[in-house]
Amino acid sequence: MLNTVLSARNGQASGTPEAAVQVEGIGKRYPGGVEALKDVTLDFPAGELTTLLGPSGCGKTTLLKIIAGLLDPSKGQIRVKGKQVHGPGPDRAFVFQDFALMPWATVLRNVAFGLELRGVAKAEREATARKYITEVGLTGFEQSYPHELSGGMRQRVGVARALAVDADILLMDEPFASIDEQTRRKLQEDLLQLLQIEKKTVIFVTHSIEEAVYVSDQIVLLSRRPGTVSRIIRPNLDHSTDLEAARRDKAYLDCVDEIWQTLKQYLV
Amino acid sequence: MADRTAASRRGLSEEVAGAGGHQIVERVPSDRQWLWRLISFAVVFGGWEIAGRIPVSPSFPTFSATIVALGEMLLDGTLAGAYAETVQPLILGMLLCSVMAVLFGVGMGLSRTVEWFSLPIFIILQAAPMAALIPLITFLYGIGLTAKVVAVMLMSAPIIVLNSYKGIRNTSPSLLDMSRSFMATRRQQIVKIILPSASGLIFAGLRLGVAAGVTGVVLAELLITPTGVGDLITYYRSVAEYPHMFASILSIIIFSSVAVTLLQRAETALFRPET
Amino acid sequence: MRNLSKLTFQFLMPAAMILAVAGEAGAQDDMTARIALGDIASVETLNLLIALEHAKERGVDIELTAFKSEDIANQAVVNGQADIGVGVPYPVIQKVDAPIRMFYRLSELRFFPVVDKKYESWEDLDGEEIAVHSRGSGTEAAANIMADKHGITYKNISYVPGSEVRALALLNDSVDATFLDIANTDFVMAKAPGEFHLLPMGDLEGTDEALFARTDWLDENQETVQILIEELLKVTRAINEDPGYVAAERERLGLLADLPEDLAAEIQPYFEQAVEAQLFPQNGGSAEGVKADFDFYTAAGQLEGSPEELKVEDFWYLEPLEKAQAAVGG
């Protein structure tokens, strides 16, 4: 086991005042006996984008689903804004790797779906949905069905749906993993731009080092199964001036390399 | 349904192709589809005509003789009269069992308890040799309309139940997660996610169920008491009018295909805005 | 080229040899007869089984196959998978010109109109319902012939296939008038004594079951056919003489060895009644008998055209029967 530069405890100590989500001593053992996570303690600072990064099977998606309330932890607890939570809540919205769009519903209905479930009147929820459809750049596709859209467009629908319920915390599970490289870059840039307007706390799962470094304020490296926090890194890229330029930044390349050196040892 | 699962699977695996995505099966241009269909019909019916002309058996009529007989039976009202009789147990049986069977299948999909005690029954029923069971129906239900209705239900119910059940169970786990993450109640989850998602398989089950129901009613008409088309087949066979007998059999295939196609049209028109 | 000739040798030679052998076998009497029954062998087929057994003793190789239904058994004969069938294939011969001929009348048409006692005569059935086997069946023809004869019209003719099914229908009152076979008539009379009776049928003649075969097979197997008919005549006459002959011969030959006791006990009464009803024709058929068939089966809708214009030789091959009658005598 690697000695971490910044221990999880340090992270917690420095992040406590502004933590939107706190993960405390989370362990997860599946019914089959597989231990996915072991004693994970982490803080997710409010208004920041934190990435969970690690080798496949390290339990990063499991952790995200526990935070979302879709899975119950075997041990430990989750606090959202200081309050312990059980199950999903209106404060968190999920973006799925496979988009999870209803194929029988239009873009408009899909985006408004979270509000529909809450019983918001049709006119009101559709107005909200239209606003976010515009925000993610899908104006004109309101009446389209998911199968008529490309993968990138489908995930824009997924993001719009998550934004429409106005949750403070966005949980994104490898949102761009099933999208081609060029589109993915565009989506990453658009996401960052969107977050400048929306001011959300984002927990982002990815297996791409480049993606993690590019989009994150903070990167949490998880070890191999059972997943534990191995390191926390802050890339400190400056996205405010030029989104494109960040990818050529030396800090970006160094950070990618540093993470690669850490993760390499987990690969057999 | 095939389109539906293909679409969601496409979502998972390939994005390079962009909008539309690639098809599992090569797409034949629609203006040439009818040509291929025509060729396939020509091959089958041509083969039939040749087999009838050799003849493979003195009792095997040619395709042309069968079509002439079919035309005769259509024009003189024989077929209409027979089907007026055949559809009674069919419609009654389908009405009685389709609603029940869908509810049962949905129930089995949603509840482990219902699944536990009823899944084996329907799996056994589906595997059972119905042609062997139908004569036994007479022991319980006599030889009247009831027995035929029961035959229709026995044939179609297992397919409808198991398809509905599979439809419910095949609901995409990520759609379920999605509805949970947006805090759907169980009721909302069933009404807004599970049922629409299962509807494709449920409707496919209903279509297969109608086809099976047609088989059931014809079996009953052949094995219990000869009425409707079953009577036509039995009668024409007993008087060795083989073209008419084959025309009666052919009419069942046509009837069944037309019924299934109409159901599919109705489903697309009423429940499939996305296609 | 060499490959081709090798191929010819390997495949065509054996094929040619097989064809030659088959042709030869087909050309002369090989003393075998494959017999297709429309139902499993039972008490009611014992007379035939005994005759077949006797033919075996005279060197005919008999192969008996039971089919699901008479139709399928008949198709097996028409298509050459069996040699001899049991039934009355008039429509197949007339409509599709199947190359088959009947050559022996096994049993006479006998109808047993079992009706509720409330109907005292045929006239009482005017405006009432009667159940028959199926459309175009002998029972329907019999019902129509009796209606014509007595100037009555039924309210409705319902189709209930299976004598045993109609017997049950009589017993549970869903049917009040129908036709049954001997065995089921007995069954109904025993189950509900005094409730039903038989109406008179008058003299209705015709073939109920005949043996038939393909013409080419009849030509090529004359000796086999001869032996079969002779034995059938002998057995029939022995039965008509003494119905007890069947049970005794069954015992001696060990036929239907696995028949349950209660069914075995029915052999004697069944054949007694059959003989009393003159079910088995003493001489195995005749040209006049065929003419009677034409009348009946035309009325039944099984034959088309006018009965006077139908030719006996188009449906029957009576030569071997006549020869056998001469040989057996009497």
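Things worth noting here:
Just so it is clear, A, B and C label the chains in written order, and each chain counts residues from 1 on its own.
The rule is simple: a residue touches a chain if its C-beta (ideal position, glycine included) is under 8 Å from a C-beta of that chain, and two chains touch if they have at least 3 such contacts.
Treat the numbers as computed from the prediction; the structure is a model and nothing was measured.
Overall, the chain located most centrally, as judged by its C-alpha mean against the mean of all protein C-alpha atoms, is B.
Using the mean of the Cα atoms as each chain's centre, the chain most removed from subunit A is C. Put simply, the C-alpha centre of subunit A and that of subunit B have 46 angstrom between them. Rounded to a whole number, the gap between the C-alpha centres of subunit A and subunit C is 84 angstrom.
Subunit B and subunit C have Cα centroids lying 40 Å from one another. Contact residues on subunit C toward subunit B in their complex (touch as defined above): 71, 75, 78-79, 89, 91-92, 94-99, 134-137, 159-161, 165, 169, 174, 301-302. Residues of subunit A touching subunit B in their complex: 65, 68-70, 88-90, 92-94, 96-105, 113-114, 116-118, 145-154, 165, 171, 178-180, 183.
Touching subunit C in their complex are the following residues of subunit B: 57-59, 138, 142-143, 225-227, 231, 234-235, 237-242. Subunit B contributes residues 3-4, 7-8, 10-16, 18-21, 172, 174-175, 177-185, 188, 192-193, 196-197, 199, 272-274 to its touches with subunit A in the complex.
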